[in-house]
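Below, each structure is written out as structure tokens.
Two complexes are shown next, each including chain A; its partner changes from chain B in the first to chain C in the second.
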Partner chain A sequence: MSNHQKALESLTAIHGVRGAMIATGDDGIVVAEAVMEDVDGAALAALASSLTRRLEGAAAAASGGRPGFLHLQATGGALLVCPAGHGLLLVVIAERGVNVGRARLEMARVAETIT
Partner chain B sequence: MSDDIRVLTAELAADPRSLVFLELGEALRQAGRLEPAAKVVVQGLTRYPDLPEAHDLYARILADQGDLEGAFDEWDMTLRLDSTHPGAHKGLGFLFFKADDLHSALRHLQTAATHRPDDHQLAAVITRVRARMEQARAAEVTPRMDQPAASPAPAASSTPAPEPGSTSAAEAPAATPVNAPASRPGESPQNPLEDDGLLLVDAAGLRLLGSMKGAAGSDVADRVAAELAGVSREAGRAVRLLQLGEWQSLALEASGAHFFLVSPTPETMLLAIRDPGIPMARVALGAARALDAARRWLEQGS
Partner chain C sequence: MRSVEPWVVAPLEGFLGESSARLVLIMTSAGQVIAQHGFTRALDVMSAAALGAGIMASAQELARVISWPAFTTVVHQGTRQGHFLARFETPRGVMIGLVVFGSETSLGLVQLFFNQLVLDLKQAAPAEKQPPQVLPADFEKELNASLRTLFGR
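What follows is the complex of A and B.
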């Protein structure tokens, strides 16, 4: 098992996390994924990357500094995105009842290990 | 010292890593021994800083001590760790009620009630909040954006503030004069849209309302609004792809600011930007207040 897959498994082990992936931030290409079969990983990576870049633009325009953790909350769950090293993004899909605080902490820890 | 407290104290001494500090802190609180209760919980939090129950208990102790600002911060932290925590929603609901921010109060109390359907105290307070909102509507105190904001209704209105229950979790804070959480730095106490750092934009990225200053003090609102064009659509596509229902909010923690986005209508977005020192949950609370005001403003055709 690759280091990336191990990293993703530590995220999917969190109660309420449906899937996780590593994608490139610039063009939204999947690097590694551990998502449910019914999720189109390539489309998700592209959307997460695009959304992140749009918000980066807004943050830059507002002199808001370097973007970090992103939390898209929906009625049925959440999409969490965290920048990792080397221009990568760590993406997590979660159910509504997930402990976002715990997921966030684990994402920050995993992001530091991605090389 | 009661037997329970003595036993729990001995248990904690035998195993300082034990979660029994929660029971001991609660027992001390209920016995009115707030100082030792606070010490026990603060010590527990040093071992378990990410435990929502510990932050919730500490918030209730602070509320009992009359430190409503501190209680707000702790419930705020609780929701960061567990966004569905009913005790924190109930506590914040009471704080907002006492601050006369009825919309925010109702939102939190209803969230708490979904998790505690048998909590009669909660149901009673929700009824009071709704009654107060009806009174407010009847008196037409809702401010328009283009008019001076009306003064908030006095807290001591004809409907009494909820009284604390004797033992319930997240009981109402004592009847201390409220330093309203809705009036925290960076949030307007009256009209939440009259606030630098709030921006209402349309789907095309055009500013409808609000102002925003950049690092050099220049107005960057139009640039920021333009960057937000398409964000709502992308957020909607992402949650549809994942079958997550409708998107509700977008939070971005950046090194120099906290950004929080909500959608008052399908064609508009409301952005709140705050200093990164302000917890995101509090930014979200401020945005929620502004959301209602933005909807009213849009309904009134500006």
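What follows is the complex of A and C.
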């Protein structure tokens, strides 16, 4: 098992997390993924990357600097994105009741290990 | 956007709206242009179609030589723009899509919405029909008619 897969497993072990992936920030391409079968990984990577780029643009326009964490709460669940090194993004989708604090801490830890 | 086949228009408009692609070319595997968006000169579109079909044919042959399944997608990623080239099947035969995109979108988004375009084209395509026989005397007339449709001149 690759280091990326091991890192993702520590995220999918969190109760309520339906999938985790590492994607390229610029291209929106999947680097490694551990998502449930009903989740379209390629679509998730592309859309999460696009959303992050747009939010980075909005934050820059507001002189807010680069976002360190993105949390999108929807009626059916949550999308969490954390920038990692080398232009990569760590993306997590979770159920509505997920412990976001725990997921966020684990994502920050994993993001530091991604090389 | 211009198309010589009316059933291509709605799926392609949907793709253009979602993907933010700069240039798009839909062609047959022989390089005959079906639809185009963003090109302003006939020479450019004909060159791009011929080169795109040639690249896909080379990729197919390379796959055959090394006994791999056929390559369906080729991507050229540049610093200012990328080229996405993909081969797909429709009820009207094999077609090739060429998409030129810039930093306002991403390869992932282009790929995502191109997959949807292929599904939409497969649904919209009428059953295959026998191509009309083009006589040498009619060739120039047919070509000029296609160019007029593609460039509105």
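The working rule: the second predicted complex is superposed on the first by the 115 of 115 C-alpha atoms of A that agree within 3 Å, B and C clash if a C-alpha of one lies under 4 Å from a C-alpha of the other, contacts with A are read in each partner's own complex, and residues count from 1 in each chain.
We take it that a contact is a pair of C-beta atoms (placed from the backbone, for glycine too) under 8 Å apart; a residue touches a chain by one contact, two chains touch by 3 or more.
Bear in mind the structure is a predicted one, so any value in this text is a computation, not a measurement.
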(request) Determine, for the superposed arrangement built on chain A, whether chain B and chain C clash or fit. (result) fit
(message) In this superposition, which partner touches a larger number of chain A residues, chain B or chain C?
(response) B
(message) Just to be sure I read the superposition right, which of the two partners does A:L55 touch: chain B = first, chain C = second, or both, or neither?
(response) first
(message) Taking the superposition on A as described, I'd like to know which of chain B and chain C A:F69 touches: first, second, both or neither.
(response) first
(message) In the overlaid three-chain picture, which partner chain does A:A23 touch, first (chain B) or second (chain C), both, or neither?
(response) second
(message) Quick one: is A:A43 in contact with chain B, with chain C, with both, or with neither? Answer first, second, both or neither.
(response) both
(message) Between chain B and chain C, once the two complexes are placed on the common chain, what is the minimum CA to CA distance in Å?
(response) 10
(message) Show me the chain A residues, by the header's touch rule, that chain B contacts in one structure and chain C contacts in the other.
(response) 43, 47, 50
(message) Which residues of chain C touch chain A once you look at their complex with the stated criterion?
(response) 77, 105-109, 111-112
(request) Name, in rising order, each residue of chain A that touches chain B in their complex. (result) 38-40, 43-44, 47-48, 50-51, 54-55, 57-79, 93, 96-97, 99-102, 105
(message) Using the touch definition from the top, list the residues of chain B that touch chain A in their complex.
(response) 50, 52, 80-84, 212, 214-216, 220, 223-224, 226-228, 230-231, 234-235, 237-239, 241-257, 259, 271, 273, 276, 280
(message) If we count contacts the way the header does, which residues on chain A are in touch with chain C in the complex?
(response) 23-24, 26-29, 42-43, 45-47, 49-50, 53
